[in-house]
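Each structure below is given as structure tokens.
Two complexes, one shared chain (subunit A), two partners (subunit B, subunit C).
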Partner chain A sequence: MDTPGTTRRQLLTAIGMMGGTAALYQAMTTMGHASETQYKGSPDLTGARAGASVLVLGAGLAGMVAAYELNKAGYKVRILEYQNRAGGRNWSLYGGDTYTELGGATQHVQFDQGHYLNPGPWRIPYHHRTLLHYCKAFGVALEPFIQFNHNAYVHNANAFGGKPVHYREAAADFEGNVAELLGKAIDQKALDAELTADDKDKLKEALRGWGMLDKDMKYKSNLLSSEHRGYDRPPGGGVNGEPIPSAVFDFKDVVASQVWKNMAFFMNHEMQTTMFQPVGGMGMIGKAFWKNVAPMITLNAKVTKIMQDKTGVTVTYNDTGSGAMTEAKADFCVCAIPLGVLNQIENNLSGAKKSAIAAVPYGNQVKIGLQMARRFWETDDFIYGGHSFTSQDIALVSYPNYHLFEDGPGVLLGAFANGPGAFRLAGMTPEQRIQAALDQGSVFHPGTYRKEFQNGASVAWSRVPWTMGCCARWNEEVRKTHYQTLVALEDRIVLAGEHASYVGCWMEGALLSSLDAITRLHKRALEA
Partner chain B sequence: MDTPGTTRRQLLTAIGMMGGTAALYQAMTTMGHASETQYKGSPDLTGARAGASVLVLGAGLAGMVAAYELNKAGYKVRILEYQNRAGGRNWSLYGGDTYTELGGATQHVQFDQGHYLNPGPWRIPYHHRTLLHYCKAFGVALEPFIQFNHNAYVHNANAFGGKPVHYREAAADFEGNVAELLGKAIDQKALDAELTADDKDKLKEALRGWGMLDKDMKYKSNLLSSEHRGYDRPPGGGVNGEPIPSAVFDFKDVVASQVWKNMAFFMNHEMQTTMFQPVGGMGMIGKAFWKNVAPMITLNAKVTKIMQDKTGVTVTYNDTGSGAMTEAKADFCVCAIPLGVLNQIENNLSGAKKSAIAAVPYGNQVKIGLQMARRFWETDDFIYGGHSFTSQDIALVSYPNYHLFEDGPGVLLGAFANGPGAFRLAGMTPEQRIQAALDQGSVFHPGTYRKEFQNGASVAWSRVPWTMGCCARWNEEVRKTHYQTLVALEDRIVLAGEHASYVGCWMEGALLSSLDAITRLHKRALEA
Partner chain C sequence: MTNIARTAFALLLLATPALAQAPQGGDSAGSSSTIAPVPVTGEQVYVQVCQGCHMADAKGGVGAGHIPALAKNPKLEEPGYPIGMIVQGRGAMPPLTDLLSPAQIAAVVTYVRTHFGNNYKTAVKEADVKAMLGQ
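For the complex of A and B:
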């Protein structure tokens, strides 16, 4: 932990103990507390030695931001990249693209022009300041990503007889029932030890207003609850304008639907509104970085060995075009290769570092894009962006946030699978995956899903040749044993990437990790 | 109520009584229940008599949609409009515009090009299908309206020592405390009459997950609660990547902040995501309607008398340009004049209708637009769109949903006042209103709000010459006594507008009301 943070925190704790919450809060706001980012602007890399050189391995965001900043600071930088493009997991698949996965299956993407699948990152939270900074600096146009949609569906095989319900209906009923039950408990004096009479009155007022309870503190099928969950017949105009309330669900079904997981999901710091996406696909970010570091990149360079000694770092790579083996040398090295791949590359890093590299588990996410002939979710279901969640393997159907209201086709995200579901989908051929996605997604749009389907594409990250996994999935145990070892500068080599961060699986983690890594490398370089 | 609806509802009630909730739900979904709109497509106006004529009074959305559809059906239509423009309350104020309110104060709007204030409607819910239909038909480009922003502020003079807090912090703490209290009550067997042992286990699991409770069912300052409310130091990259949790608030302050009102607001059917706004200002909708009915409109026509007899309707109007009094005659009349104005126009409607016209209360909303030199809420506060709520007169500050991330200025909505607060602001000069808005809005952005201010404009609806109020604010009592009388066709005249709907104050209400009115008028015309 950084000392200023710890010191301030200790001070705040002391204030809190002395003066209670209000005093603590005053102190916090006065002290400019409640930071929303670890981004502190461009890294301080002043005073680089003339001629000092750095090899960057991997032209994903972590590698490219390292190259960009180090080069700007005066270092001689070269990037080696395995693929024939830069961007790494920041990547969009467009019509005309070809993709071959581990196992050999090749897909020819057929999406209409202007439509795409983002196999990797696909949304940007408002507090990912580092990424937003570089998007602005590199001219990447952003548009809102519609994360939260009250009218999308929640489906759980164990609730509502296996039928999906609207998020708004289930969420309203969850809140209404929780409010009614807590109100009842208060009246039964169950919480008299916790709440004064005044507290109880104020909390009951809050529960009534929040939970849409009637004057008797009941949550019922009436116009009040319908104001949140939706109506049988919504308010209208003229003679038949009067609304007809909807019937609230059985609370057992509501709890069994696990809508509370979705409610918690939307409150998750990384998932909160406002979110963004680049206009034209997430891959626009990788392309913008690429443009800014292009002269430094050697593409089609498969790294096979990373060795350092007292004089520098030597990286051996294979030109995948010609097959020629070449050595590249530099004073220092930023290695931004995903750990699953790095683990297979010969190196003379310490045993502890090797153990850390081998220890971090990776996610196996599967994403499937489905092009539909028309945007029926908009015209028929009144769903514009957002996600319908399901307990099935596909986990969700997400509705595109671009070309809204248009007559033409749209590309749905037909699966964002994880865990066992992702393993099942990854085990299928690309064609079988599409069929599974159509089967499962039909639960939300039974009449139309298969009928409107035109073509699809899928990426199972466990089969991606250049990562062999989606992104780092640290657990507490592994973090405790290996994290600081993994991120520590080892003489002339430092690791960077989302795996070397607490913001795993996010582009922001890759960037923050890289900025921290090069700042430490720069200090080391000044000592050299 | 329409017979099919009632019949279905009666059937559903019967099914519910016989088979319980699950059976009811099955029946509901099977029967295509849970309608999200009263819009049923273009009105059926087939068979209009050749030469039948209609006078439409008022070129707001209600009047213009009536004219558009009646004309398409073959009626001879003419619209009389008091102002020198069509659109009515669908209206945006741009730089260069001049606006004179009742009382004589004139404002010269100075916003930079491309920026605007929407004095009236400003957001469109996904389920306002009628409006969305005409936007598409008339080529109005829509973009997302960012309604829900977890990072905007909540301010209440009676909580947190009068300091604003982030919505995410207060909402997370409200949910966490409610979950913990209900969990405690369950353990104390306070709800054993309502819940079986299995219910209790499942509900506790839900409360733990939803409320971010620890394994002991406690809501505390830790990384769990910080995942919802935000961190002291958020997760980052490299050596100092470890997050530091934030301190939860005192629950008394959380309840006193009335954040539960904001939470309920976001669950309100009309306020739910996804919402939209026209690109370039709400007034683009009025302009698009105008373009489609332009040849039928007589502008600058102040209606002074509306009389009907067995042969037709005669409307007397004053050409506000020349001062000439003119009579217009037609077989029928759709009167879409706001009730406060209509109430002052001589007419021979029935006494009951006149009473209804006089009885409906109107809102007195005040909106204030403030141009700031830079978008500090984005760069400094990480707020992109959405609203910061306050207990002060201004009620909220809303952040613009267009030109996001740009370096130039932005126009904030600096007030959306209602009730007593709106009366206080309406009583001020436009200049004083700006100062009040700057004083009050500074609570959210203390260092910057006044410093970055450039210019402003305000509309107090109680002072708008052509409406003398914002929109109909029906209450249950008035609705019961007067609604059906107000909307009833009276021989040759029918009223239309948001005031003749259950969707008061929304454009959708104006359109639905008008489509219903002309459908009934057409039936009457066929009888004539």
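For the complex of A and C:
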């Protein structure tokens, strides 16, 4: 820890002691820190009235964090959950698990012990402070998620004759060629209007260094470019220690490969390193929340009606085991049911609220886990974690970040499909999906992929019985019309979930939405 | 730098307006666009798009909510109903106009209206879909 850091921390500690958390947060923001999250710590729910009750609908992360915090604040809380488990989309499939999708297809997962598929969330950005806070608070062990791997592959059917290339090579060639072209534009005076002579010199120096250009500002097959893209013969020792450069690709292929999409992807704030995953599967987070709210949960409860009046909220639910219809009553309600499902539940919310609930479509992602007998991507290809990207329906193959270097099996993520590719895979039987994933993934590992395959499992989110979709897909127009209406407290009922956030499709969004919702609900409860 | 490379770079620059669109956010694969044969017939569109939710037998499914059955569905008698669903979406179902052309929509609506126990023989035309899209 360097001295300026310590000084700054001491200053912040002093501000914290004098002005409290809010002043500290303000000071940190002013100094350019803490601006990466809207998380402000535990919600202030002090002064709850004795006996005030809240019904929480849905035991996903949004519902459970609401229950946990409201209960801690003194509210009488009950959670109704449709499934026979809590956790919602925070979920891992392990060997021995059974999963039945809409339409009735049932899969018996056969992964070896300690291996898993995360059908939903699978990586956590370092700035998702709310989620990381609760992981720490609930004792969920985290490990690094290997997000960026230069040695994984990029495949595009329209580039390099359909053969995959290393991300490292394509990205280096993209940057090198762009640097060379920009240098040419400078020399041809195309940028004279924007740049002074001094600017031009500085930019050319930058382009040379960034793009690995030679002294003539050319990107060529030489030891310079090989420093980024790799060598034909890497540097070694002794007699043949001298490296042999690799040959740069045709720029037309590099552009056609769309490697720039992968490069831009890694620049997304939410995709930047460091990323994390729970040890033992993403579902560990849901299980930890569950443990902390377990006495409040009624499982196997299918909500069929949500009504509120001046005195409270009445929710009708169907016990999916016995078929019995029951009413649950409370003063207030946090509804964390996914919008596609909520849209089909009878309620007496306002017309505007109903329109908002109906306005947001859900994503159709498909994930497929494939257990391979040996970790050939590590032993044969020197790939340790990270993703190989493809223009095929599976979209990627992602390599496991745990049990590295072991002899035994590994479970690959054999697909993370979206859009048209996901529709095609979702429409298949689970067996057909595995075959498609093996066919397509073989492009990266032709000799081994099928040969080493042992078993697999898939989840098509459009067929998940309890969400009928992966997560809310807002666009700007729908946001403008409906977002504020959707998140607004409507008398005694407030909605929570990733769908009620600007961090959509992330666990962090579910938590931030819920903390905001219960803070407003608490204020309303005090006014009652 | 070759002429081809220059052309490729120019094409890349032309492509930037699409990048300027607001991103949807959320986790994604980060891959290039999917490259696959485009479904043409109504059956191909059904299998490659609709079946992912409505099932191979078009009977939908029931869980916490339900995916409506298209099989033996009297609402399909009025072709504007299924066209409207595909064009506008409803609830969790997204509008599919980014994915399907008017011709593909016409083909799949015609297919569904004449299969799965439905017997509405009047074919839906591309022009009908375009009319609903205001084209």
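Keep this in mind: the second predicted complex is superposed on the first by the 494 of 528 C-alpha atoms of A that agree within 3 Å, B and C clash if a C-alpha of one lies under 4 Å from a C-alpha of the other, contacts with A are read in each partner's own complex, and residues count from 1 in each chain.
Assume a residue touches a chain if its C-beta (ideal position, glycine included) is under 8 Å from a C-beta of that chain, and two chains touch if they have at least 3 such contacts.
On a predicted model such as this, the values are computed, not experimentally measured, just so you know.
**Student:** Per the contact definition in the header, classify A:280: touching subunit B only (first), subunit C only (second), both, or neither.
**Tutor:** Neither subunit B nor subunit C is touched by A:280.
**Student:** Tell me which partner A:260 touches in the superposition: subunit B (first), subunit C (second), both or neither.
**Tutor:** Both subunit B and subunit C are touched by A:260.
**Student:** Let me test your reading of the model: by the given contact rule, A:487 touches which partner, first (subunit B), second (subunit C), both or neither?
**Tutor:** A:487: touches subunit B, not subunit C.
**Student:** Please indicate which partner A:312 is in contact with in the superposed arrangement: first for subunit B, second for subunit C, both, or neither.
**Tutor:** Touch status of A:312: no partner.
**Student:** Answer with first, second, both or neither: which of subunit B and subunit C does A:396 touch in the superposed model?
**Tutor:** second
**Student:** Per the overlay, which chain contacts more subunit A residues, subunit B or subunit C?
**Tutor:** So, of the two partners, B touches more residues of subunit A.
**Student:** In the overlay, answer first, second, both or neither for which of subunit B and subunit C A:503 touches.
**Tutor:** both
**Student:** Looking at A:181 after the superposition, I want to know if it touches subunit B, subunit C, both of them or none. Which is it: first, second, both, neither?
**Tutor:** In the superposition, A:181 contacts both subunit B and subunit C.
**Student:** Identify the partner contact of A:382: answer first if only subunit B is touched, second if only subunit C is, both if each is, neither if none is.
**Tutor:** A:382 sits against subunit B, while subunit C stays out of touch.
**Student:** Please work out whether A:74 is in contact with subunit B alone, subunit C alone, both, or neither, and reply first, second, both or neither.
**Tutor:** A:74 contacts neither subunit B nor subunit C.
**Student:** Quick check on my understanding: which residues of subunit A belong to both its subunit B contact set and its subunit C contact set?
**Tutor:** Touching subunit B in the first complex and subunit C in the second, residues 178, 181, 184, 250, 252, 255-256, 258, 260-261, 264, 268, 502-503 of subunit A appear in both lists.
**Student:** Within their complex, state which residues of subunit B touch subunit A.
**Tutor:** Counting only subunit B, the residues touching subunit A are 1-2, 5, 9, 12, 16, 20-22, 24-26, 28-29, 33-38, 126-127, 129, 132, 135-136, 142-144, 146, 148-151, 160-161, 163, 166, 168-169, 171-172, 174-175, 178-179, 181-182, 184-186, 188, 190-191, 194-195, 199, 202-203, 206-207, 209-210, 212, 226-228, 230-244, 246-247, 249-250, 252-253, 255-256, 258, 260-261, 263-264, 267-269, 272-274, 276, 382-386, 401, 404-405, 483-484, 487-488, 496, 500-503, 509-517, 520.
**Student:** Hey, which residues of subunit A end up touching subunit C in the complex?
**Tutor:** It comes out as residues 82, 101-104, 121-123, 154, 156-158, 177-178, 180-181, 184, 250-252, 255-262, 264-266, 268, 270-271, 302-303, 337-341, 343-345, 358, 361-364, 387, 389-393, 395-396, 416-427, 460, 462-469, 471, 473-476, 502-506.
**Student:** How about subunit C: which of its residues touch subunit A in the complex?
**Tutor:** Residues 1-2, 4-9, 11-12, 19, 22-36, 47-53, 55-56, 59-67, 89-95, 99.
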